[in-house]
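Each structure below is given as structure tokens.
Consider the two complexes below, in which chain A is the common component and chain B and chain C are the respective partners.
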Partner chain A sequence: MQSRQQIAESWGWMSWRQAALLLPVIVISGVFLLAPLLENLVRSLGLPGESGLAHYRSFFTKPQYLTALSNTLAFSLAAAVLALVIALPACTFVAHRGGRWLRSFIGVLIVAMAISGLIRTVSWQIVLGNGGLLDAILMATGVIRQPLGLLYTPWAVLLGMVQIILPAVALALINGLGKVDRGLIAAARSLGASPFQVLMTAYLPQIRPTLMLAVFLGFSLGTGLFLTPTLLGGPDDVVLGKVMLGDMVFDFENGAALGATSGVVMTAVVGAAGLVCLALGGRGFRPPRRRGAAA
Partner chain B sequence: MNRRPARGWDGLRATAGAAYVLCLAIFLLLPALAIFPASIGESEFLEFPPSGLTLHWFQDVLADQDWLDSAAFSFGLALATAVLATFLAVLVGIAQLRYHRLPKGLLAVLLAPLWVPHVAVATGLFSLCLSWGWVGRAWVLVLANTMLALPLSVSLVLAAFSVFEGNLWTAAAVLGARPRTIVRTILLPLSATALLSSLVLAFQSAWDETVLALFIGPVDTPPLSVRIYAYVSQNLTPAVAAVAAMVAVLSIVTVTVLGLARKAPGRRS
Partner chain C sequence: MRPTDMAIALRGVIKRYGDFCALDGVSLDVNPGEFVSLLGPSGSGKSTILGLVVGSVLPDRGAVYIHGKDAAALRPHERNIGMVFQQYSLFPHLTVAENIAYPLKLRKWTEPAIKSRVAAFLDLVGLIREADRYPGEISGGQAQRVAVARALVFDPDVLLMDEPLGALDKRLRGELQEEFRRIQRETGVPTLYVTHDQDEAMFLSDRIIVCNQGRIVADGSPRDLYERPPGAWAAEFLGDANLVPVQRWRQCGDGQAKAETAWGEVVVPHAPGSTPERSAAIVVRPEHLLVAVDEPSTQGYAPARGGVRARVTSSVYLGGRQRIHLHTEEGMLLKAEVSGRRHLPTGGVLSIHWRPEDSWLVNI
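Up next is the complex of A and B:
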């Protein structure tokens, strides 16, 4: 006769004691993460009597939502790619240099991350504002005569977003670049591969998963940053998060359905981006290694 | 690694690389320092260069009950979140250690807040809270922030506990230690660094969190981050810059202390 635990394990399920240990996190994740996402889905589909996709139809036909969605995607994608392109040379340098350079750079990234995104946004307002710090410095040194007027433009939003997501992207890169097998590159070189061939056949396949993971991390962080576009951008730079806040908190009666629909669309888009990045990243040809429990 | 003195192209490349890394570090840190000069100007509006220097914005803010209440609320929220998230992560770690695996999909759900847009969660949570009468309750915000902090805490604790996988637990059990004794005398002391990191990072995450708090947080005494947002979306004044400066200093001091603690002798890894 099988014990209850054996039965449980044969089903890939857990024993009672394990369940007791995990119950709190299951309840918290269920109530505060899964239930809200489900609530969005249910509300976006409307009442049983209504036509199921009415809210989606109005989401995709109202210019206000379409603009907000395309702004969100454009800003997040641009910021993620820029952050990757800017961070990659520095991360490659410190990852190969190792030692003190690596530790100090990681320290800088962690300190930068510790200052909250909101406060870094506020500091960009101070730097870029009309007659702000940057204008004052450039005018005092005679580089410009008129204020630049950078604040409340898409460029200010992009600058702020890149700076805010860059530390996370860089940490992901450093983590992956540190695992590159230099032996493979030396081997390719000694076998007579040109630098370009080495890059394409020995280096890129090793770091491709890392690159895609970093871009996805940057993108998903970017979609969540709605305070930065709101504070640094102009009236045309509205992102979806801001619209959702207005729909839910300030106009629940009329806005809730479209707010929930926006939530579903946003989750779906980020999830799809994740799958695309996973597919593009592939597994690389790192030697298979038993991965720790945290992986 | 190759550490010959670099010459020619290699030397140039090393210099260029170092210069680039320095520029990037400046780009990441320097703009944030702008809040300091902005908070000590005499004028009621931001101006550069300031017409005179003063610390009275700091005094004003520290004497303002609204700011103090928000700071106290944020502190309590962050502290509760840090303790709860770390405690729950330890439970998950023990479950993994004792039963060698977690139920399918649990880790994926626990790590999901890393990529699921927080504003989408906040939207759904707001409408749920509205129907359950939970909007503005502090404990709801604590639990929601715990959910957001769990990915960090769980990863840190699982990584630390994976060292014990199998042998150490068995050895202690063979010698007659009961599970509770093993946890208290071996597991927790040996993963102290990871637990401290988990506490600090979960604290920071809840202290800085703005999106969920905007949706479901209390309105009369909002967390500090929400109050800062409410002020700066109206008008950026030296007083708000002073608050931001103090918050930033606190964050920098906390991570620096954590960094030093991790470097302290006696660490593993």
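Up next is the complex of A and C:
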């Protein structure tokens, strides 16, 4: 005889007592996440009596918004992919090595995350600035004759953003890469798979959901950064966050509604990106879902 | 035979990991069509031997031949070896049939050829009805059968099995042992089977190779190794054994030894290659110890001088058989296995003897 608890667990149900553990999270995310989002949506539709979509019309017709949006997306995507490429080799190594390597690596990542993004960004100003540390070193070693002038360019923005999102991307990667079943890799090899075939049939399918999760995490973090592009970028490297700030601070009449509109658009874009990443990630090595319960 | 005539041959292989010597000059053969078990405690080097054949371990010295070819020139995926792991290692996102088809797809077989081949191997392991299930939906025993089919489907030169029954319960183990033996006889693929379970090795193998501390300490048929073990360690590792200490001994021709024990002189067969210069013991299996309540005529038995007096210290009834522990007057502990029907109470004094041909002198 199975107890009710066992039956519930075997069906993936929770008892009320278990559900109660989730209550604080549900309340907090409801009050502090969903409610403001809804409020944003309502505000973006303007005051009663106004044409509901006026702010959206102005968002999608004014070049300042479109440029800011495309800048945000381009910077965030580039930074996320770059962070993934940089983090992947090291994360693969420590995740498989485990033990002390893994613990120290995670420790370093947490320290990196703990240092304020503002300080990390300002330190890039010092390194990249005209006659800054980088220029000084390169000129002293004779690699360059003129200062590079990297600060206030898109490259500086990219560098700064990568540095800020890298620890989060690396943590997401380590978590997933540590769960790779290496027995399957050994099995594939023993069954005659070449190194390339092992990669394509036994390794990549296992880590693809992790890779896409890490890219998505990096991307969505990137869309929220506005200090870094503002401090490191030039006048053309405006991102949506900065435009929103400007609207809200300087436009007393429509600022709140315009900011809310940008926020809704950004949320929608991030949501869409999430779905794309989910689709690209695939089901990994889980079997396809069955119609009806499995035996 | 030359190493090139063997399914697997190792010649003088040495492998070190830092200061630890995993293999210390190992040579072994697996003949075509043979089922060979590699038996030993953990850390004895058996996994390293498997790694050498698979190609995940490279020898420091010596050579490995697979199907006549020097394996040094072959990368792991070029070795054409089937491998079965303890953890099944089936691809969870592929069905049973797709798992078995995987090595054929790698070899670019045509779709119809794959289909009929997979069907034949599903039949071989008795899983036709499970063809479309996923590994998560079948039992451990069925999963291991799928793994065997997948390892054999592409006609490997040899099959390696690394403790394939380690994760299964006792009843299933017995069932699968029968299956493994049948499948191996049917396919004739030479098999190297790693285990630390001696009953399993006895049941399955044409030949057992026993490893200890990076060396091969015994190599022969299950009967040979049990009845005529080459040394004391092998005798105790493979089955239970009483080791009766020998003070001195000499060869008296025809493979017989005249040995001095605490209970007088006995004449018993000795292991070939054993020498009187090194200390020795007489191996007597517990089931070969004869116990008598009174002192019988011991004409033709060993020891000759009227048997050994011993007190029963414990007895365990096993159904049909019972296992008794005995303490001799000289302070030796003996184990005997006798019919379960006799009543042998703890504390009773028995007279112990054995037939000389059931014992075997070895160096320690």
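Quick note on the criterion: the second predicted complex is superposed on the first by the 252 of 295 C-alpha atoms of A that agree within 3 Å, B and C clash if a C-alpha of one lies under 4 Å from a C-alpha of the other, contacts with A are read in each partner's own complex, and residues count from 1 in each chain.
Rule of thumb we're sticking to: a residue touches a chain if its C-beta (ideal position, glycine included) is under 8 Å from a C-beta of that chain, and two chains touch if they have at least 3 such contacts.
Just so it is clear, the structure is predicted and the values come from calculations on it, not from any experiment.
A.B. asks: Looking at chain A, does chain B or chain C touch a larger number of its residues?
C.D. replies: Of chain B and chain C, more residues of chain A lie in contact with B.
A.B. asks: Is A:N175 touching the first partner chain B, the second partner chain C, both, or neither of them?
C.D. replies: A:N175 sits against neither chain B nor chain C.
A.B. asks: So, does A:T153 touch the first partner chain B, the second partner chain C, both, or neither?
C.D. replies: In the superposition, A:T153 contacts neither chain B nor chain C.
A.B. asks: Where does A:Q197 make contact in the superposed view: on chain B (first), on chain C (second), on both, or on neither?
C.D. replies: It touches chain C, and chain B stays clear.
A.B. asks: State whether A:P205 touches chain B only (first), chain C only (second), both chains, or neither.
C.D. replies: In the superposition, A:P205 contacts chain C only.
A.B. asks: Given the touch rule stated above, what does A:L184 touch, chain B (first), chain C (second), both, or neither?
C.D. replies: second
A.B. asks: Taking the contacts chain A makes with chain B in one complex and with chain C in the other, which residues are shared?
C.D. replies: Comparing the two interfaces on chain A, one with chain B and one with chain C, the shared residues are 294.
A.B. asks: So in the complex, which bits of chain A are touching chain B?
C.D. replies: Residues 12-15, 17-18, 21-22, 24-26, 28-29, 31-40, 43, 86-87, 89-90, 93-94, 96-98, 101, 105, 107-112, 114-120, 122-127, 129, 131-133, 135-137, 140, 163, 166-167, 216-217, 220, 223-224, 226-227, 230-231, 240-241, 244-245, 248-249, 252, 256, 259-260, 262-264, 266-267, 270-271, 274, 292-294 of chain A touch chain B in their complex.
A.B. asks: Spell out the part of chain B that touches chain A in their complex, as residue ranges.
C.D. replies: Where chain B meets chain A, its residues are 1, 17-18, 20-21, 24-25, 27-29, 31-35, 37-38, 46-49, 88, 91-92, 94-96, 98-99, 102-104, 106, 109-110, 112-128, 130, 143-144, 146-147, 150, 154-155, 158-159, 161-162, 165, 204, 207-208, 210-211, 214-215, 225, 228-229, 232-233, 236, 240-241, 244, 247-248, 251-252, 254-256, 259.
A.B. asks: What part of chain A is in contact with chain C in the complex they form?
C.D. replies: Touching chain C: residues 181, 183-184, 186-195, 197-198, 201-202, 205, 283-288, 294-295 of chain A.
A.B. asks: Residues of chain C touching chain A in their complex?
C.D. replies: Touch list, chain C to chain A: 54, 56, 76-77, 80-83, 85, 87, 89-93, 102-103, 106-107, 133-137, 150-151, 154, 160.
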